[in-house]
Each structure stands twice: as structure tokens, then as C-alpha cells.
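So that you can tell them apart, the chains are marked A, B, C and D in the order they are listed, and the count of residues begins at 1 in each.
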């Protein structure tokens, strides 16, 4: 369960990206965050794995007040949150397989067990055949799916995706939406930031969804 | 004038991104390159300022065979081509103004004259008030416009834009399309890669446009 | 526990792989560190050798024996007898307190001051010249004499001892200054190298942090890298010193021949070598620690 | 032309700004280079001083004059007369060829060989002892004597000359080895520093290239940076040597006092200092060139 209470976020330089945002996400919900470019969607998502910290208010994740969490504890929080970044953050100096196994290496999972899980994740997004390629040789849609595989390899209970379909044409975008709906079905809490109404429409046709709309840092009622 | 003749492009690793592409762009044309993700749009655009080189065939720009150009001559070619990159390539360690003046510093224009031109370019994209900000503090749409300002500050005769509206909602995207139409009106040859049909529709409503469609590296007839 | 071990061994393996992947840069860095360490190590080796040489070359060591102020004629005679009985003593000259006082009063610098004293502050003394081969036993002998009756103080203050002491003091000072300067150089090299590593792996570090890597997991490979760099640098230094000594021994042979001596330089003792390696590895670790502490901060989530 | 000048001066200004923006790293690098250069420069200074000292301290210089094999008794008498007339000569000892031959035949090593000869291969000779203050005029004197009748060869081969020559040869060898080793260190430091710079400015370089910057425009600031690093390093080295000499002069004073001499160390000559600065700047430039050539290739458009 995720709960934002009166969250304010001001960036260095003085810009207020979030102005008193409060909402609750139940377990196994599929939630969209929409709004214009610059509305604060990415900022909102970054507060959950504490990539940014709030200036006032609080963010609770599974009963923990993560906005006041000690730096030491943050890695362990992040291991339970699958993240898909707006700029993907793939490593282009290693193979697809090595990209996916990274979160498991980070936690010290046994290499054999890790390889099994990484292949399972790649299989789920349909990239098992490309495991030896370099991400640079993948098309835009394939790179997006690779980012998803890396986010789910740790079997997180929360999945956060920031514009996972930008740069993709509607066919690829649709496939990726379907993947998120599938994860949501097996009990994962999914939060997706997007400005693409087609994406929301497609997901809503297949599952129960909810949308939060941000306008210049304020949540529409 | 830009002319592709039987262009083949194979990436290291063996993937053939372009397979015998031939077409001609007249001066002052407004041309869209469309196609699915991975179709080869970016690759096609990169051949014009010789960011990538062809494997066979030739690319002529204003009568020069740029595909066979000596490395020494390429910088001077690039100074005449305004480029907007898919990943923008802004420099986040300096101000908006310093980003825009970069192409002028590169050619050794006098600082005073450079500053005047940079401000004119910023004014054209409506960012004159933000000249002292850091690009990181700009919204997605503003960053796109900054990239455009940098591309036009040198008054190039050719403008190349790779997915200039990805990441943007339709309102911002529309504003940017209008900018390109304006440049085209004053005689600049504009080539835009996009998978967004709305963008093409909006431009076509305001100016004469042409579209090339790529399918897995082959140009649709 | 198993996971912890695995994290450590993975970090270690990654470090070795990293060194091997950029052989040119690694060799350069190790070379710089090697040179930086070889210089004080080499100087230290030379100093040790000089000390040994000084002990061998010096001839005619001298002792001064100062008697108590209340020593009587009998006491002086007793000391004289004992000195004559001592097999290591070559000759002994008695200088009475009166003679010493007169001599000092005649000196232009102190004469006036001493003339004003109505008491003689100087003791009786013997200047003892020892046999050449007594050089080693000098200290032992002096300690023994110290226990003789009415002996106030025994001073080993012959000219050569003072000269050698001054030269060696100078040498030691130089080695210390050198070692300090070059430790800074070693620190700087590891510091910069780790900074380079961090920059090269910027993306990997950022992504790992986002995926839940702890600070320790991220820092560990850099510490290993720094320590290994230092260690290899130390080994290179040892090799250089060894090579330098070998080359110099050729030159020293020439020099020694003109003195009709068969003097040659020796390598550092194993203990000293190990100390240098340990020192180098620690400095490398420290440089890595400083660099990591300074440069990894950039990746902290800001407030 | 104006644009070209502007590009150069902009590159130079950017370089200075870069040095100032990362003061800690810059100072560390300059320090390492300074240390690397200070060592051979310092050793060289000491060597120069020793040469001077050797000239001052040495007493009783000697010359050997070998006459032609066909020299007659008259010739020997003539040389003897001339030597007696020479004001710088303290004493001269005549050694006839017969006496020398007999002496050599008595030596165990060569006796058998010489006994087999039925002719005496040795010339008549004089061993000439000069007055102390003739040390400076030694070479001039020897050249003059070389022109005397029936003089085959004049050799300045007294024991002290040989000793000092051997010691200085050893010293020069060490300085050369040191300079070579540390030039590598200096190269490595600039190489790595420039690599670091290139990595830090990766984005700027990439974007500039895409916007039409020529290779020269991109490389120029790195060359300046390398040369400046070397230059500042050289200046630091000069400062260190100066400081070192000052510190040592205190120690040397102690040492010199025991020899009742007022010897002290001098700084390097201005010409030598300038040479060191130029050398350091060139090495810095070279290191930058190597690094830029190696690392900028990554940004070339691939085929």
C-alpha cells in the first residue's frame, strides 16, 4: 500500500513540482498518473523509491514512512520496487542478459539461481532469443521490454513505470500495456506515468484501472 | 538538395538497418520520415551529417557526395545542417544560453555577435526569459524547444529532427510542429522522423508536406 | 553469510577483471606508484648500506672519560692502571683539570668569563684511543667504564663518530622527506585513478544504486582496486630497488676498487620489503577511500 | 585569421577556468608532477654541488708525465729543469723506465708475462706533486706540459681524481636513470589526467563534434591543459628543490663544521631551471597528445 499525505516537493532553484499531493494506492491496484509535460508525474514517482525526497508531507510504502528513511535502509526498500525509468537507464557496455541479472547480482543471489530467474524474466517479455545481444542493437520497443524484464526479475510487489511507451508506435505500446495488465493480474501494484490517452484506454478495456491527473503539481480532484 | 541512391547501411553485428533506399529531397521541402520503431528512421537521418556512413550507395548533399567525404571536411558540412537529436543531447552543466551559443563558439564567431544571434534564436522558440536557467529545470516541451533553438542558431539551410515530439503531450507537440512549418516557410529544407500521425496531420494542414515510410529498412513505394 | 561472501568474491573478481581490461592504464599507474615508492625505498636501502659501511671503514675510535670533580690523585692512578690493563685500549692521554682550565682560559672567546670564576668547574679527563678492531665493542666498553670508580661520564665523541652521525642524520632526514612527499604522490595517483574508474562506471554505479545496491557493495570493488594498485606498485618498487642496486653494484665496484675495498650494496631485508608492500597497499586503500567518499556523493539522492 | 586567434584564446581561457574549477584535483596532479620532477632535478643539483665541492676539498693534485721511449738522459734533465722552474709544482719524482720495469716484473700478476719480453715497453716518467692552489689550473698545466720536448703523454690520474670521477660517474648514472623513470611518471600522470578530463567532458565533446567542431578545436584545450600541468609541475619542482636545498643547508652546516669547512649547497642556475620548465611543459604536452589521440577516437563516426 502506498500513501501520499500533503506532499510538497521543491527543486533546488525554487521550482515547486508538487504542491500538497495526497492519495492512496491499494495493493494490486493498476494506477495511471497523467498530466501535461512538466506537471510533476516523474517527480511523484521518484518519491516512492526515494530517488528524490519530499520537502514536507509524507510518503508511506507498506507501512514505512520512506520520506524519513535513513540512507542506509533505502537500498533494501528499492529491492522491493520494480522501476522502469523514463530514460530506461540500460547499460550499453554489457549484454541483454547481464542487464537483466544486475538486480540479482546487487543482492548477492547465487549466480545459478540468478541466471534461471533472469531467463524467466526475459522469456516473459519475449526477449529470450536476444540474451546475448547488446541493448544498442535492439529496437526501441525491445529496449522498453528489456527495461521491464529488469524491473520484474526481483519479483517486486510494486512496479513503477515512467512513460514506458514514449518513443513507441501504437502497436508496440499496446503490447507493453498488455504486459503491465498481466503483472497486475498476479497481484503486483502497478503505477504508470503517461500522457498517452490511448495507453490508458487500452488498459482500462482489459482491467480495472484508476487515473490521477496532475496539473502543475496539483492533483485534480 | 539531398539525394539518396541505393543506400545500404549495416550495423556492426550484421543488422541491416537500410536496404537499398533511394529518394530525393528538393530545396525548401518539408519531409516526414515515418515507420515503426526500429524501421531505420534515425539511421537514415544520421547519414546526412555523416554521423554514420553508408556501406554502399551514396548520399549527396548540395552536390557533395558526403558518404565519401574525408573526416577533415565533415565538421564544415555539419555547420550547415541544423540537427535535433532523438535524445536531445543538451549539456546539463551549463545554462540555456550557453547551450544555444555552443554552435557559434565552435565556429569562432565573435562573442558579441554570437550572443545577439543566440538571443534571437531563443526568442524565436519563446525561451528568452529562461536563458539563465539550467536545462534540467526546463519542462520536457521547453527542452525540446531549446534543442530547436540550438539547431537554428547557425541559420542552416537544412534542418533534421529525430522524433522532436516524443515525450510531449499533443498540445506541446502542436506548438513544435508550427515552429517547423515556420522555418520551412522561409526556405529551410526540413526533414522530420516521427511515428506520430497527429504530427504529420497538423503539419499537412498548414503546409505542403511529403512522407517517406520505412518498413524494416525498405522504403515503401 | 553466504551472500556476503559471494558479494566479496564477486567484487574481487570484478576488480581483477577491471585491471586486466585496461592493461595499458593499469601498467602506467602501477609504474607511477612503483617509482614513487622505489625512491624512498632505494634511498633507505642506500642509507642502511652506508651505515654498515661507516662501521667497517672507520678507524681509531676515541673515548673521553670525565672523572668526578672530587677525584683524588689515587683515583686518577687507579683509572690509569685499569686503562693500561684493558686490552682494547691503544693509548690513553691524561689531561688534568688544571691543565684543561688553563687551556680554556687562554681561549679568546671564554677567557674573560672563566677568569671571573674563582673555582675550576672542569673535571680531570682521559682521552682514550682504541684499537681499530674495537669499533664494534665501543658502546659496550663505554658502558663498562662508566661503572669504574670516580668516573662521572664517558663520551664517545671522536671526530669520525660526529661526522658519520651528522651525515646519517642528514640522510635519514632526506629519506623521511622523500617518503612523505612520495606518499602524497601515491595517494594522489590512486585518488585520481579511482576517480577515473568512478567516472567510467558512472552509469553502472547510478543504475546499481537505483536497483538497490548498498553503498558497501558499490564501494568495495574500488577499495580492492586501490589496494591492489598499491600492492602491485610496491612490488614494482621492490623490483626497481633490486635492479637499481644491481646496476649500482657495478659502479660501486669501480669506486670500491680505488679505495682497495671490496664493498658492495645489499638488498633490503625481507621484513622491510613486506613492510613496504603493506604500506603501499594501505596507502592505495586510503586513496581509494578518499576518492570514493568524495566522488560517490554525487549519486546520493538530493533533498 | 581573427576567428583562429579567437579560437586559440578561448581554448586557453577555458583551460585556465578548468584548472581553477577543480582546484583539488589540479593541485594533486601538479604536486605529483612536481615531485616526479623535483627528484632528478634535486639529484642533479646535488651532483653539481658535489663536483664543485670535490674541486675545492681535494688537496695535492698529481700529474704523471710519460716521456717518449727514445728520450735520452738530456731530455730527462731538460724536463727536470723545467719542472723545477714551474712555480705551481711542489715536488717532482723521477722514475726511470728501468726502475719501473723492475718494479712491474716483481709484481706477481704480470711478472711472468713481462719476463718473457726481451724489450722494456715502459717509458721514463715523472710523478709531479702540485701546490694545493693549482687545482684549478690542473688541466691548463697538463696541456702546457704536453707540448714539452719528448713528452709523450701527461696523465691527471692521481688517486683522488679517479675516486671523484668514479663517484660522479655513479651519480650521473643515477640521475639519468631517475630522470628517465620519472619522465615516464610525468607522462603517465598527464595521460591519465587528460583521460579523466575527456571522460568528464564526454558529453561536451560529443555534442561539439556533432555541431561541427573540428578535431583541432576539440584537442587544443587538452594540449594546453597538459602543457600547463607540466609547467606548473616544473615550477613546483623548482620550489621543492629550493626548499630541499635550504633544509639541507642546515644539515650540511653541521657536517661541514666537523670538517672545519664552510661548505654550503647552491641552487640550480637559471638556464638549468628554464630547461627543466621547458622539459616539463613538453612532457605534459606529449602526455596530452598521447591521451587525446588514444581516447578521442571513441567519438569518430564508425563505418
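Everything that follows uses one rule, which is that contacts are C-beta pairs under 8 Å (C-beta built on N, C-alpha and C of every residue); 3 or more make two chains touch, one makes a residue touch a chain.
Since this is a predicted model, take the numbers as computed values, not measurements.
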Steps in the shortest chain-to-chain touch route ending at chain C and beginning at chain B: 2
Chain whose Cα centroid lies at the greatest distance from that of chain A: D
Whole-Å separation of chain centres (CA-atom averages), chain A against chain C: 60
Inter-chain centre distance, chain C versus chain D - centres from mean C-alpha coordinates, in Å: 27
For chain A paired with chain B, centre-to-centre distance based on mean C-alpha positions, whole Å: 31
Sequence positions of chain D contacting 2 or more other chains: none
Multi-partner residues of chain B (each touching 2 or more other chains): none
Contact graph of the chains (line, ring, star, complete, other): ring
Complete list of chain pairs which touch one another: A-B, A-C, B-D, C-D
Residues of chain B touching chain A in the complex: 11, 13, 15, 36-38, 86-87, 133-134, 137, 139-142, 163, 166-169, 171-172, 195
Residues on chain D engaged by chain B in the complex (per definition of touch): 2-4, 6-7, 10, 203-204, 206-215, 217, 300-303
Touching residues on chain A, where the partner in the complex is chain C: 12, 49-53, 55, 71-72, 74-79, 83, 85, 89, 91-93, 102-103, 105-110, 150
Of chain C, residues touching chain D in the complex: 25, 28-29, 31-32, 35-36, 38-39, 159, 162-163, 166-167, 169-170, 173-174, 177-178, 181-182, 184-185, 188-189, 191-193, 195-196, 199-200, 240, 244, 247-248, 251-252, 254-255, 258-259
